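Below: a set of structures, written as structure tokens.
Two complexes follow with subunit A in common, the first pairing it with subunit B and the second with subunit C.
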Partner chain A sequence: MTSPQHLLADEVRVAYDRQVVLDGVTLSVARGETVGLRGPSGCGKSTLVRVLALLHRPDGGRVSIDGTPVTGVRYAVPVGLRTRVAVLFQSPRAAADPRLSLTDLIAEPLRAVRAPEPGVRERVAELADLVGLTPDLLTRRPHAVSDGQLQRACLARALVHRPDYLLCDEATAMLDASTQAHVAAVIAGYQRTRNAGVLVVTHDEALMDRWADRVVDLAGEVSAPAR
Partner chain B sequence: MADLAARRPLLRPLRLRPRRAGAVTAGLVLVVAVAGTLLAPILWPLDQSAVALDQTRLAPSWGHLGGTDDLGRDVAHRAVYGLRVSLLVGAVAALVATVIGGLIGGIAGTLGGRVDRVLMRIVDTIAALPHLLLGIFIVAMLRPSLGAVIASVGLTHWLSTARIVRSELLSLRTRTFVDAAISGGAGRRRVLVRHLLPHVLPRLALATTLMIPHAVWHETALSFLGLGLPPHLASLGNMISDGEGSLLTGAWWASLVPGAVIVVVTLAIAVLAARWRDRLDPRVRAELHL
Partner chain C sequence: MTTTQPATVPARPSDPRTSPLLTVDRLGVRFRLRDAVVHAVTDLSLTVHAGELLAVVGESGCGKSVLAHALLGLLPGNATVTGRALLHQPETEPVDLVSCGQRRLARQVRGRRIGLVPQSPATALNPVRTGRRLLGETLRAHGRDRGQADRLATDVGLDPADLDRYPHELSGGMAQRLVTALALATDPPLLIADEPTTGLDRPLVDHTLDLLRRRCDAGAAVVLITHDLAAARRVADTVAVMYASRVVEHRDGGDFFTAPTHPYAEALLDALPDRAFRPVPGHPPMLTALPVGCAFAPRCPRRADSCERAPQPSPVGAGTVACHHPILPGAAP
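Let's turn to the complex of A and B:
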């Protein structure tokens, strides 16, 4: 039997203090699939994303990548496993270290795993081109660019390791319509070329309908296949 | 107002905003104080043990700007050397406090959990003791010397630095950009060196600077109590203490001059550090339109 090609949260349970946020939630994102995730504010969408991104240890349940169970979280995840899942956060301001130029921001994950520098520069240029960042923007720091430009840089950073799974936590909520469309198009394009699995958390029903292959309500049931 | 100043060049200095004028004044005071104390041994050497018993308690005049004390020593001259000692002790002790506080706070903030709780309870326990008393205890164990004073001040002043570094690290650790770095594959050390410390260092430098006036006052207090430098060496605390005896005879300058020096110089440091703090704080930054 071949191992399943999906990122899976299996019966995940998370509680903050005594407040149970996720109670036995199961969600899978298969390679090549776009899954929409919705639910009212505070229902645990972001927590689920953090669990899937191996950033938050669930109190119960398992996370596995293509059938490989992940035991640790945060620093304890082996780099080879960790870089197969990338996250695009809601607020690019919060997700970007204010001290780094956009170039360094995009290159940081490669440098963190000690990739050779010439290759790093080449990859940054390639990704900057993909997300539509001009070279003069790349030298600037986060405070000197717009939210849209910064989110493009964060997207480039998320794609830098060529992840198999991309988790977008309301990643387009703070962007204007044209940037939103462009970011969505870049993600869709990447998904096609790499056959990546994408999880989209959004309140934007129109975007969800256009984009997602299936939509999951965090109540648990699959509500409506969009296509 | 701007038009008026533009038309009349004499009014131009008035365009300095009050906050900036204060910082400029403080900067000038500090430059003069530091340059003066650094150059004093070359420009205006002092024989620490010399006395002139025929010139005791002379009021301030052009010959003796700060007057003379009850042993005929020039007060202004000794105040320069006293300030030299004070600034040296202040700076070195602040540095010692920063290193200790930075390490303890850094360990607590990075590791968190049980280590953090134990270290912070130790900090709280030491903080519960009056630090001047603790400082006196430390100098009392050592021989009176510059090193003893520095140890006394440095070893009692690292608590606030440790708290600042710890809380800064704890709040930084939960920021999304740290999550993003981890998600990108950065290990613990890289996150610390590349994403956490660079944000803490400016705060740490500021804490050190704000510590200097505090350390200077502490040194002065120790010297005033006779626990600082040996009495014949000029230090501002020694001078204020010696001058106390002359107050009743009307020689106010022997205490007042060193007292004024310490107030003006420490105030200058504090004003500059406060301005620096404002620049670091994004909320204030927005108000200042920097």
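Let's turn to the complex of A and C:
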């Protein structure tokens, strides 16, 4: 029997203290599709992303990757499993370690699994080219680059392990139109070549229409395909 | 929809009916670094009228925020400012914001004549004061009734109960609304809003934009600095596009969004998801190494030999464009 090719949150329930944020939410992102996720502020979109990214342990329900159930979060998940899901957050300033050069920022997840250094260098150069970072930017630290440049570096870092699933939580909201279109094009290109599954959280209806194959309303039902 | 139609725009750049509130004349801002000079604003001239909402748009790092800080005297010590920025006042001489000195800016301008919604509310709020205390201090310092705090909060879409929280207890969007309320507390004739919708979801973005629009309709002026072209399209009377430290196009909002004339403006609009969704090719130049001629020429599909000279703003309709080969309405491509 072949296992399903999707990242699945099954009947996930999350509460902070006694405030229930997600109450039995089911969402799947299949390989090869781009799913848009929307909903009002505070409805739990970011929490759902954190659950799917294996960063937050749900209080109920479970997450599975291609049919393999995941128990635990972060380092409790075997590295071969957790590197299959990557996440790109809204604010690269908050996400990026200010002490690292962009090169080290992109390379860190590879070095964390003791990848051989020549291969790391090669992979960083390849990704920098893909996301549109010039070599002179790679030696800089986050304070010396713009938000757009830093978000490109965060995207390169997210792709460094060639994840099967990429979760983007308002990842282009603070970017200018040109950088947004470029970042979206890089993600769409990666999605096609890897047959990856992509989850896009955004408030921007025009962006959602353009980017997502289908749209899910959190705190609501699955709506008609966007295109 | 509250999008204004060109026919009802209250303040076009050349409209004689309204009086200028701010006249910026050849403003330049440079930062001296250890081994380089950053040209953040170059030869920038703009006029803002009472009742006008001017949107300043452009890619990140083009100098938009530096413009705001230069007008308020908030630049760091390594900055050199040249040119003039006259703030006109009823029945008195205009104040030159560039040369008048910190004392005068602090006593007469900042907060009173020009309000600022800063870009990152998390760093602008005193962490040991609640929102109510911050608003109360501002209202009292300006001789206003502290009882207005709840109304100001409601105006910006913040639950008055949230005023009793400390800044670290607020979400990014709530902090954003609080700094907007603080800037509006003194009811300044000119408000500079630097990315005032960051971190807000769409209904709150629209709420904030409509709030700014209503201020203009009531006679105040707003300079909206934003990377969000959809926001500018919704509320702006006039649009100034900045590229590599210069204003390259300054037009009526309706004209700009239907028929941009600068090749960069056209490329930027084409990047929108409801248009071609195509990024502007190439990268913007470093502000430490600007080319001698047109800074957009290396990325421009219309470049020619003449682009080696820096283009000066020239009139197009009621606005200006700084390009040797603008896309003129009605002309063949």
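Just so we're on the same page, the second predicted complex is superposed on the first by the 226 of 227 C-alpha atoms of A that agree within 3 Å, B and C clash if a C-alpha of one lies under 4 Å from a C-alpha of the other, contacts with A are read in each partner's own complex, and residues count from 1 in each chain.
Convention: a contact is a pair of C-beta atoms (placed from the backbone, for glycine too) under 8 Å apart; a residue touches a chain by one contact, two chains touch by 3 or more.
As the structure is a prediction and not an experimental result, all values here were calculated from the model.
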- For A:A177, is the partner it touches subunit B (first), subunit C (second), both, or none of the two (neither)? second
- Message: Quick check on the superposed pair: does A:R99 touch subunit B, subunit C, both, or neither? Answer first, second, both or neither.
- Response: first
- Message: Per the contact definition in the header, classify A:D204: touching subunit B only (first), subunit C only (second), both, or neither.
- Response: second
- Query: Just subunit B (first), just subunit C (second), both, or neither: which does A:R152 touch?
  - Reply: neither
- Task: Have a look at where A:R123 lands relative to subunit B and subunit C in the superposition and call it first, second, both or neither.
- Result: neither
- Touching A:S41 in the superposition: subunit B (first), subunit C (second), both, neither? second
- Message: Contacts for A:V87 in the overlay, against subunit B (first) and subunit C (second): which applies, first, second, both or neither?
- Response: first
- Query: Taking the two structures together, which residues of subunit A meet both subunit B and subunit C?
  - Reply: none
- Task: Report the residues of subunit A in contact with subunit C in the complex, numbered from low to high.
- Result: 40-41, 132, 134, 146-148, 174-182, 184-185, 203-207, 209-211
- Note on the structure: As the complex stands, subunit A meets subunit B at residues 50, 53-55, 74-75, 79, 82-83, 85-87, 89, 91, 94-99, 108-109, 112-113, 154, 157, 160-161
- Within their complex, state which residues of subunit C touch subunit A. 58-61, 171, 173, 198, 200-205, 227, 229-230, 267-269, 271-274, 277-280, 283
- Using the touch definition up top, name the residues of subunit B that touch subunit A in the complex. 175-177, 179-188, 190-191, 194-195, 198-199
